[in-house]
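Consider the two complexes below, in which chain A is the common component and chain B and chain C are the respective partners.
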Partner chain A sequence: MTDFLSVLVSGVLVGTVYAYMAYGLGLIYGVLRVVNLAHGAFLTLGVYVTWWLHFTFGIDPLVSLLVTAPLGFGLGAAVERTLVFRLRDSPPVTTLLLLFGVWLIVRNVLYLVFGGTDRSLLTSYSLESLALGPVTLSIPRIVVSAFSLLGFVALAFVLKRTWAGLALRAVAQDRGAAALSGIPVDRVWATAFGIGSALAMSAGTLMSLFYSVTPEFGARFLLKSFCVVVLGGLTNIGGILVAGIGLGVAEDLTAFYIHTGFRDVVSFLVLVAALVMRRVDAEG
Partner chain B sequence: MVLRFNSPRFALLAFSALFAAIGGTVACGGEEGGLRIGAALPLSGKHANVGGFFRNGYELAVAEANAAGGIEIEGQRQSIELVLYDDKSDASISPSLLERLIAVDGVAALLSGYSTPLVQAQVIVPMRRGVPFMNAGGASQAIFREGNEWVFGALSPVESLASTTLEWLMWEQDHDRLPAPLRVAMVWQNTDHGREYRTGVHTVIERHPDRFTIVLDESFEHLSSDHTSLIVKVRSVESDVFLSDAHEPDFLLQHRAYVEQGLNHVAVSYGARGPERSVREGLGEAVAHLVSAQWWTRDLPYERSRQFVELYEGEHGGPVTEYYPAVAYEAARGLIAAIARAGSTEPAAVRDALMALDLEDSLLPGGRLHFPADSRYQIRNRCVIVQNLPDGGTRIVFPPEAADGPAYLGPGR
Partner chain C sequence: MQRPVSRRHLVWTGAAVVALAAAAPLLTANPYAARLAQLLFLNVVLASAWNLVGGFAGQISFGNASLFGVGAYATSLLWLAGIPPVLTMPAAALAAALYGAAWGWPCLRLRGPYFAIATIGVAEATRIVANHIEAAGGASGLTLPLEQDIGTVGLYALGAVLAVVAVLTCDLVRRSRLGLGLVALREDARAAAASGVNVAREQVKAFALAAALTGLGGAYYAQFTLYVVPEKVFGFDLSISLVLMVLVGGIGTVSGPVLGAVIYLILEQFVLASLADIHLAAFGALLIFIVLMEPRGLAPRLVQAISLIRRRFRRPEAGGPA
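So, the complex of A and B:
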């Protein structure tokens, strides 16, 4: 029973990380109908900026959020204004390739600046854990889970309770109708891309608490983010949270009770199943 | 002058432009016109850091040989020129750079790049072209194929990491510091490296079934997003020794989970991982007492090893904490020694000299550089077992003739 509880809790904690790194991808797809292949680049940048701030100035990763989130917003909005916006009426594959190009550029710049060595950081609480009866919980993972839930609440509040959120939802539902009713669609697009990128970079910051980073870091987690977004519903933030947790738990239980080697297979089985189910739904 | 598309001059220019585009810069050491040896190294991209260590090691060996007057080839003393290309850590580029080294630069022999996948891609070229190739960058036995006679390995097989670790544990049992049988939990990365580590463990245990009992034998995927469930599984089997073969990102995540879950074993080893500076940066004091098997360490009490440390640290600053430059240096030194003994740059003569080479002043553990035919010309030396100390240093704990103190053994279950 102790083992089951340990694995279950670990799955929930990992799942909230998956959810946090997928929020931005879901938001951008929801509003712009763009699959942001540069998402992995923003995740990786988040880890590197955090590592650099910690290594150079000794800044705690959680404090770094004050830098990485606004930086992510600015970079994301700039990418949208200078690149994505120009291709707004092109076929989706054009934007897909463009953002893939952005990712490759960022990756290569990171290789030039930081090299290919694994970089990781150590804080006073990096290896701390909390014993709750027979179950041991990692403090950094609890912190990241708390931020994931906080991110979900904040995002839900913005989307449901603010004018900006209303505008985002309006553009997501019908760009033309939103424009006719006076919503500045161009600005909403930039805002959505900025928020999505800010979420990705801040996810990178939080992930730096337990993952090491190389310029390939984003590739490692981009596919996982896709799985979560597809499973949770492409535009549904609440669904993404539930899907992230569900995936984390499924992976950990599979790894423990069946075989550790099947851990990643779960993600892709889920992805395929979700895509097939959606197809059936659409046709039904 | 008109340059036609079908002219040889255009073809030469296009060929040069293509290689300039894919191969990056060329670095040379020694005087031009001498004997040439070459390598395609990962000087940029994901293995750039290790590639730099390899370049330093190769350059040091060449500089040393040149300082001693070069080598005698067919009655004439010649200096050695090292020709290096950057393969950008890309296995699809690396073989074409070796082709260029042979066809355009006219190298007499090749030195390897780094990482098993890159070296696996490289070895096809020397085997097809019949050029001696000295490998210091890939330990996997998959590199040394059936019928191989051109590829020589200065890095002992991955199996040696496992077998030396178990030999050390048996030595501790023989000295009544550990009980027998020991319950071993083993996890391994699902790659050639991990599979060979597992084979090494099984080979020793099959020979000594009274010494060890395997209670967990499980693979995990490279770059896993979490290792907690695996570590909980390790906890559930109640073992004395925890062995894992993992590359750095998985090692960092796995040992984090190990510490978080509060596990205790008498000995914990992650293959070759442990003493690296980057590991200390990521895990701090949590890596104290980890035991690792190394292909070389700076504390080895051999004269050649001490000379290398002095030379290397004098040239590049120190301390040299990684095995890469030492093995690269030794591989290049062995290759140069073989060419000198052959007294010729003729490939078959150099190959035969490498087959017969037996340097007894090697800096590698065991002190011998020799390529046995029965291991397809891959060196078969034992590794050296090193334990991390709480103060950030390391200590050799095995083999006994090189050990500088007893190992710290954990409290266990």
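So, the complex of A and C:
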């Protein structure tokens, strides 16, 4: 029973990070109708930048959020302005392929700069844990989970309470009508892509606290992000949070009770099942 | 509608077979040339198969490695059980077709990017599970008996036959009722359904056919590499290379995958030989370039160039559509 509780709680904690990591993907899809296959690239980049800052300057991962988030915004907006923008009226699959190309290039650059070896960072609190009754919780997981929730609240505030958020939601609902009401759709697109990428990179920063990284890091988490976004509903903040937590718990239970190796199979199967059951129509 | 097998067809097939036979001594002369020929045939088979669904029906699959791997493993396991490898190929095709139909049936109801994402999920799940099946060698894979019974020339002939069959299948499907249905649903799934195309069934049919060909490719691969391992035969890189080949050559055409397979092989050999450090970036840049600049691939360009040259050499009044 104690085991079960521990696994459950740790699944919930990881799940909030999953939700945070996935949200950028949903936001970009909601506003641009583009599946950002480069999402994994931004996640990986986030981990590497954080690792590098920690390794060379000893900067705490949580402080480097101040670097990775703006950097992610800039990179994302740049990718949108230079590449994605050109395919605005093409079928969605072509943008998907384009962004896959971006991902390949980023992966290659990471191999050249950091090599293929596993990188992980160790902070003063990496190995600390907190006993809460019968359940032991690792401090990094708690911290990361708290930051993810904080990120969610900030995001909800931006989307619901600011003019930019309103513009974003307007374009997501109806691009034509938004343009007619004087919303600069081009800028909204670049902004949305920027925010989505900033979320991905900062998620990478948070994840660096308990995952090691290679240039292949992004693939697994890209698929998990898809899984969360499809399950939760593309831009539905609450839904994504619930889906992320659900996935985190399901994975931890599988890893604990069945086989650690099958952890990732859960997300892939859930992804396919969710897609098929929702029968999302791409054209619609 | 044209007859499924025309005379033009027979002529082209005959020419291809003769050309392949004529090139045989050259391409089996040394081990490197022989390997290049094997890889080329394999690429042609896999790209043509991918094109059946990816090109005609417009359903981009990032998961064909799962079918390839099933074929490769089916042949390897039966081979290790004592059956001559060539005789295992029908079983490999069948296994891949069944697996393809099994996951294609639910997934093909999705369209566009959703289908593409679902295929990644299926393929990755397959890869992970394959890594844990100890009876099939687990993550370290299977090493096949070195004393193969068909030899270099045999492998060449087998590859050539498979390649011709794959291209011919592509062409036959394109002209068939099935092909018309696929193209119709690619252009507008709702309109196709309204005009009497059984969207779900036609797609699954085409996908099972593509899966069978891909499985044959896997079986062939096992026979010339003599080593199958999940990370390779179920790997994402393999799935991606197929997408790239067809896009470069010309998506939705019969000659496109062949041209793409040739270009890809040349690029791969060149890039791996001299630019190994940046091979991912090179392929990424190529992908971006094709998508932005030549979304229809290079085959239409080639056809254009050929007809331009032909017109040059003809008198003006004899010109016109050939």
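Following the convention adopted for this analysis, the second predicted complex is superposed on the first by the 272 of 284 C-alpha atoms of A that agree within 3 Å, B and C clash if a C-alpha of one lies under 4 Å from a C-alpha of the other, contacts with A are read in each partner's own complex, and residues count from 1 in each chain.
Throughout what follows, contacts are C-beta pairs under 8 Å (C-beta built on N, C-alpha and C of every residue); 3 or more make two chains touch, one makes a residue touch a chain.
Everything numeric in this text was worked out from a predicted model, so none of it was measured.
Of the two partner chains placed around the shared chain by superposition, chain B is the only one that A:251 touches, whereas chain C remains out of contact.
Touch criterion met: A:261 reaches chain B and chain C at once. Legend: residue contacts after superposition of the two complexes on their common chain; A:10 is shown touching chain B, with no touch to chain C. Residue contacts after overlaying the shared chain place A:223 against chain C, while chain B stays out of touching range.
In the superposed model, A:67 makes contact with neither chain B nor chain C.
Legend: residue contacts after superposition of the two complexes on their common chain; A:94 is shown touching chain C, with no touch to chain B.
Contact with chain B, but none with chain C, is seen for A:136 once the two complexes are overlaid on the shared chain.
Touch criterion not met for A:59: it reaches neither chain B nor chain C. Of the two partner chains, both chain B and chain C are touched by A:111.
Residues 111-112, 259, 261, 264 of chain A touch chain B in one complex and chain C in the other.
Only residues 35, 83, 86-87, 90-94, 96-98, 100-105, 107-109, 111-112, 219, 223, 226-227, 230, 259, 261-262, 264-265, 267-269, 271-272, 275-276, 279-283 of chain A touch chain C when the two sit together in their complex.
Within the complex formed with chain A, the residues of chain C that make contact are 58, 60, 103, 106-107, 109-118, 120-122, 124-125, 128-129, 131-132, 189-190, 236, 240, 243, 247, 277-281, 283-288, 291-292, 295. The residues of chain A lying in touch with chain B in their complex are 3, 6-7, 10-11, 14, 18, 111-112, 115-122, 126-127, 129, 136, 138, 210-212, 214-216, 220-221, 224, 248, 251-253, 255-256, 259-261, 263-264. Those residues of chain B lying in contact with chain A across their complex are 44-49, 89, 187, 190, 218-221, 223-226, 228-230, 232-233, 235-236, 248-249, 252-253, 256-257, 259-262, 278, 281-284, 286.
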